[in-house]
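Next come the structures, one after another.
Shared chain: chain A. Partners: chain B in the first complex, chain C in the second.
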Partner chain A sequence: MAGIIPIDIVSHTSLIIVYASTLILLTIGLNMIYSVLKFSNFAHAEFITFGMFTSWWLLQILTFALPWDSSMYLINNLIIQALFAFVMVGILGIASEVLVFGRLKRLAANPRSFTVASIGIGLVIRNFLAMIFGNFPKPNRGGTSIAALPFDIDIGIKQTLIRNDPFFGNQGIFITSFEVIIILMSIGTVFTVDYMFRKTKLGIAMRATSDSVELAQVSGINTRKVVFYTWFLAAGITGFGAALLRANQPRFSTLDGFMMLLPIFAVVILGGVGSFRGGIISAFIIAGVRQLTVIIFTQFQSPGGLEYMIEDFFYRITGIEGLVITFAPGYADGVGFLVLIFVLLFRPQGISGTVEATRERV
Partner chain B sequence: MSQTVLRGEKIYSGYGKLQVINGIDIHIDEGELVTIIGPNGSGKSTLIRTMIGLVNLFDGHVFIRDKEVSRMKPHEIIEAGIPLGYVPQLSNVFPSLTIEENLKMGLFVKKWDDYYQERTHEMFKLFPILEERIKQKASLLSGGERQMLALARALMPSPEVLILDEPTAALAPNLAEDMLQLIVSLKKELKISILLVEQRAKRSMELSDRGYVLVTGEIAAEGPANELLAEDKIKKLYLGVRDRK
Partner chain C sequence: MAGRILKYEMDEKLRTLVVGFALAIPILYLYIYALLAQTNKSIFLIGTVLAILVFFIGALSLDLEVGSVGLPNFGKVAFFALGAYISTLLYSVYRWPFYHIYGIGPIAQFLFSSLVAIIICALVGFLVAIPTVKLRADYFAIMTIAGGEVIRLILQYEKRWFWAPAPVGPPQQVISNRAIVEFTTGLYPFNKTLAYFGFTFFEDSNLGSVFLWQIVVIVIFILIAITTYWFVQQIRKSPYGRTLRAIREDDITVTSVGKDVSRFRWQVTTLAACIAGLAGIMYAMTFKAFEAGDFRPFLTFDLYIFIIIGGLGNSRGAFAGTALVQMFLRAAQVQEVKENISLYLGSESPVIGPLFEFLQLDVFINPDNMRLVILGVILILFLLFMPAGLIPEPKTNNEKYLKQLTPEERMRSDEAVSARQSLTERERIGNEDTTEPSSKF
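Now for the complex of A and B:
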């Protein structure tokens, strides 16, 4: 029985939390690279894709390499896959620095060259993966593409909280085990990285290198090492997040990372480039607006909704059937960007700019 | 007899294939304030940046105390425990770091916790304003305060030689004089050797023990500061003193 409130608020809220957590987890690496190396790494999208592929790749290899593991504990262990993706994507990050970005730096290339080069690296990675594995990889004979948790307990939250209430109708929460892990890892990683940046010697060295490479060097910092650490951690965290994201999807493709790129950039820009705390707030704003749009657009598309009213209106005026403005929930991402533009018109420095300026004044 | 703390022998250096410094010999003795003057583009900053490993050394040798540091990278010099402090002309503080973090950067290769309290106590005696604003970001400091922080950061590891690249460049005239006086008092109080590159040639030479005049990457004149100040040619060409005829 539907209540006065026609939507499942709890369910939508849980979707916002899951989507925001995914964005936060995948944004950390991009933010780190921008904070320390001062350029927008568009290859970040393909770092995500590469992380998905390497975690899947390990699963396929272990299926053949460990035939004695009948319980599949080692073969299909999400944490092992995610750690493997961390290392592999971390190495990819270092490789891109050694082969491309480091050379550009030595040639004193301008920031635009770095950005264009990162787009090029992304295309190379994406096409290389498609060449080897195909755009939509399928499990090898005897293998599996479904990730599993290293424990038997279902930590997912699937609970109907309110049923057939005259006011609230049906309210329930549905979060899978993988999504619980994404939420926990996202919270854990963002606070760990934020703490590392603010309090540890490595983090302060990263910020110092970002401010002035020469001054950092004369202070005793091996800035080359710092840059490598930054790439490894930033790319590694992205790979780790990508492995978790893949585990929660029935299938994945070489375009998955690219599809995530725009929302990720939106989170970074809205939150204030280089700010992890701002990123948390903006991820929830982007996820919230997206979900709200899905709810509204779904209502518009329901019988008697705005979409039908518009179609009817046009029909009455023109006499032509089928003239309609569609409110497909798939457009929700676009609305998130409208919010981004609106906020930037008033706060070009993003959310964290405001927060930090206020903190300085206090 | 005072010992040499910083010495460069037949230094040839530059950027890429461009040679800027052409065979310079330079030394700074214990407790000396030595100033390098010269017209713009003469290679003053390039020379000191070469000596601390920031610019390619094509040929020659650099020694700090008796340790050869030629071709060592800046972080290797500091990691080797060589007592050197350097304040660049531009970007002399870390703007996104707090004053506390900037000071800690001066002790980067040491264990912060062991030395920080003792060294900051000494720095706060020299620069009290830094203690008041310890938790603020360096980007919020005024030009003069930034220079103080830059000096404090360079002095944190108790260097025996301090290299300053145009420390008065971004300061108003009254603050510039204060800064030069501060440098003299640092030399006396901390008993350190200071190598100063300065555009305020006459005033800085007046306060120095010795000086070098650099022209197109070569030493045009050198000697005790009072003798350089007395030479007519140097007065006219490099110290901005005009004939009053």
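Now for the complex of A and C:
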């Protein structure tokens, strides 16, 4: 029996934290590229797809090449797969800089060309992956593809905390081991990147380049090298996150990265493009809005919910039967964007306020 | 001096010709190969022509925004979807009073539904434009993608309004266009083949039979395309179009001479939304059955490929790009072409088998994905090496007077124009890293 609170708050909160951690892992790279190179990389979505597929591919190769009994933990090690994805996607990032973006910058192309070029790169990567690995969604669970750390995969927390309470109803927590890893790795990445930006020479050089290329060069920073390091790290972190995200999904396909494009950009724009800490806050906001939309819309759709009330009201006034407005949980991504549009109307520079979203002086 | 002038005269036209032929000859070869493999060749030809015309209108609409005023709209597909959905649903679900007028009823209903669809597109375009036109280019791009996706979600989930009501059972998500079926295939003169009227060219040359209504639809589409082309050209040539180009190049200067830049931007966005809605209506007539899943952002990306290959800010370029890419895409879909091009690389290949077995790869190089990889590579190559496209935008409006100048004078005037353009571009970029300090960071 449900109590006064009909919703499983604990479980939903854990889902929000998991989704926010995923978003943080996937948007750090986008923010780094924006703050150093000053353009929005739409191919970032395909970097995610590439990370998913390369990590899965390593699993296939290792399963084939090594005996399962003696080296099971090596084959089935999520962290090794994620590091492989880190390196591969990092190389992909450097390749895209060398082949396309660097040349475009030397041509002094306008920002529109960068946007369209990144979309072209995305098209190439997505369809190349579909050509190599096939168009159909890959099953992820089952067989050898249960990728986990070298301990029991049932470490995920699955228990009901409160059952049949008159006030709280049913409350439980359901997190898989992969989600625990995602949360831990997300926290770890955030602190590592923060430390790198504040304390290491490379991070300071990146921030200097991000502020002003000329001044950085005058102080003896090799900005070209900084650009390459930025691409490698940014794309690599994305690939790392994508490998973890892949392990948590029942199946994955070449379109998965593209489906993440809108939430990722919502997080980046809401946080203020190029702002690291704003991105973390806005990841939680976007994840929360998304999860709340799913909860509320599911409630609206249940019998006696708002959807039926509106339908009834409409029928009484006009005499026409049928649904008027649908509250489909599929609207979740769209609602996140409506929030974003309203935020941009009143605070165009985002949460952190580092970047002006409007055109200068117009 | 004479050599330089000759080189200048030759340069752009020659490059356009060389690149144009390098693209067009393989595509034409592939297309003719695909055409010859068809059993009913005329249907394949007509389908290609219709698709080219539909996407040409869409490309014109996008080019008006991207090429003329410099707004990178990535939500164009939403207006395609709205035009297609609203015109079809209004025609087939609601019976307006004048539907029962003898003879012209259905056609009047169809025209009225289309008109309503275009007006709604304009309204939605205006509403989308208000909060977004002031945003920076990349923010504008992502906001328009998001707007398009929101509209697609609404079309997908609002069953009552945007799903096709079935005579029995729940509404259907796939919407089929009854208009074209009703007043073309059913009516007396339209439902006959051309051979019925004594015109046996298609049958004689073994192309399969063509119905009169197919010819009528093509003629109507060509008329619409020509009208839209003329309209867009008039805008481009007018003082209004000149202001738009000035906004694209340098909006601060335009503001400083007293123009309301935002107003120009939303006006163009609304107008382009109308044209895209028109293209959506034609889309519904051409492809007959569609659903919300067909209107993903990839369709907008296709339009970008058309206009960038063809040439930004240029209606002829939009047509050239659309025709080339559509012929390529259509030809690569044909089964015979697929069978001949498909290639298997995997553990059972003769020489490289062991390597692919070690890498655990079974690769089928299939044209479905290969054509998009090729398109993406062509797009990037164009951006890098021919940013102006196949047919570059004319640098001036007064071609007529320029023809009266001597080649030397033309060269000087063009050099002056390009010098000024490169100056503004350098100012816009600001930070070129031309020098490379050797020390480490």
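Simple rule for what comes next: the second predicted complex is superposed on the first by the 322 of 362 C-alpha atoms of A that agree within 3 Å, B and C clash if a C-alpha of one lies under 4 Å from a C-alpha of the other, contacts with A are read in each partner's own complex, and residues count from 1 in each chain.
We adopt the following convention: contacts are C-beta pairs under 8 Å (C-beta built on N, C-alpha and C of every residue); 3 or more make two chains touch, one makes a residue touch a chain.
Only a predicted model underlies this, so the values are computations on that prediction, with no experimental measurement involved.
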Check whether A:Ile269 is in contact with chain B, with chain C, with both or with neither, and answer first, second, both or neither.
second
Looking at the overlay, does A:Lys201 come into contact with chain B only (first), chain C only (second), both, or neither?
both
Applying the document's definition of touching, compare chain B and chain C: which contacts more of chain A?
C
Applying the document's definition of touch, where does A:Met309 land relative to chain B and chain C: first, second, both, or neither?
neither
So, A:Val324: does it touch chain B (first), chain C (second), both, or neither?
second
After superposition on the shared chain, which partner residues are touched by A:Ala108: those of chain B (first), chain C (second), both, or neither?
second
So, A:Ala95: does it touch chain B (first), chain C (second), both, or neither?
neither
Now for A:Asp211: first (chain B), second (chain C), both, or neither, which partner does it touch?
first
Examine A:Ile341 and indicate which partner it touches, taking first as chain B and second as chain C; both and neither are also allowed.
second
Figure out whether A:Leu66 sits in contact with chain B (first) or chain C (second), or with both, or with neither.
neither
Intersected contact list for chain A, partners chain B and chain C 201, 205, 212, 214, 217, 220-223, 360
Chain A to chain C touching residues, read off their complex:
39-40, 42, 57, 60-61, 63-65, 100, 103-113, 115-117, 119-124, 126-128, 130-132, 134-135, 201-202, 205, 212-214, 217, 220-226, 261-262, 265-266, 269, 273, 322-326, 328, 330-331, 333-334, 337-338, 340-341, 344-345, 348, 356-362
Quick one: in the complex, what on chain A touches chain B?
201, 204-205, 207-208, 210-212, 214-223, 360
Contact footprint of chain A on chain C as seen in their complex:
66, 70, 72, 131, 134-139, 141-143, 145-147, 149-150, 153-154, 156-160, 251-252, 255, 261-262, 301, 304-305, 308, 357-361, 363-366, 368-370, 372-373, 375-377, 379-380, 383-384, 387, 425-426, 428-429, 431-433, 435-441
In the complex, chain B residues that touch chain A
52-54, 73-75, 78-79, 86, 88, 91-97, 101, 104-106, 108-109, 112, 136-137, 140, 153
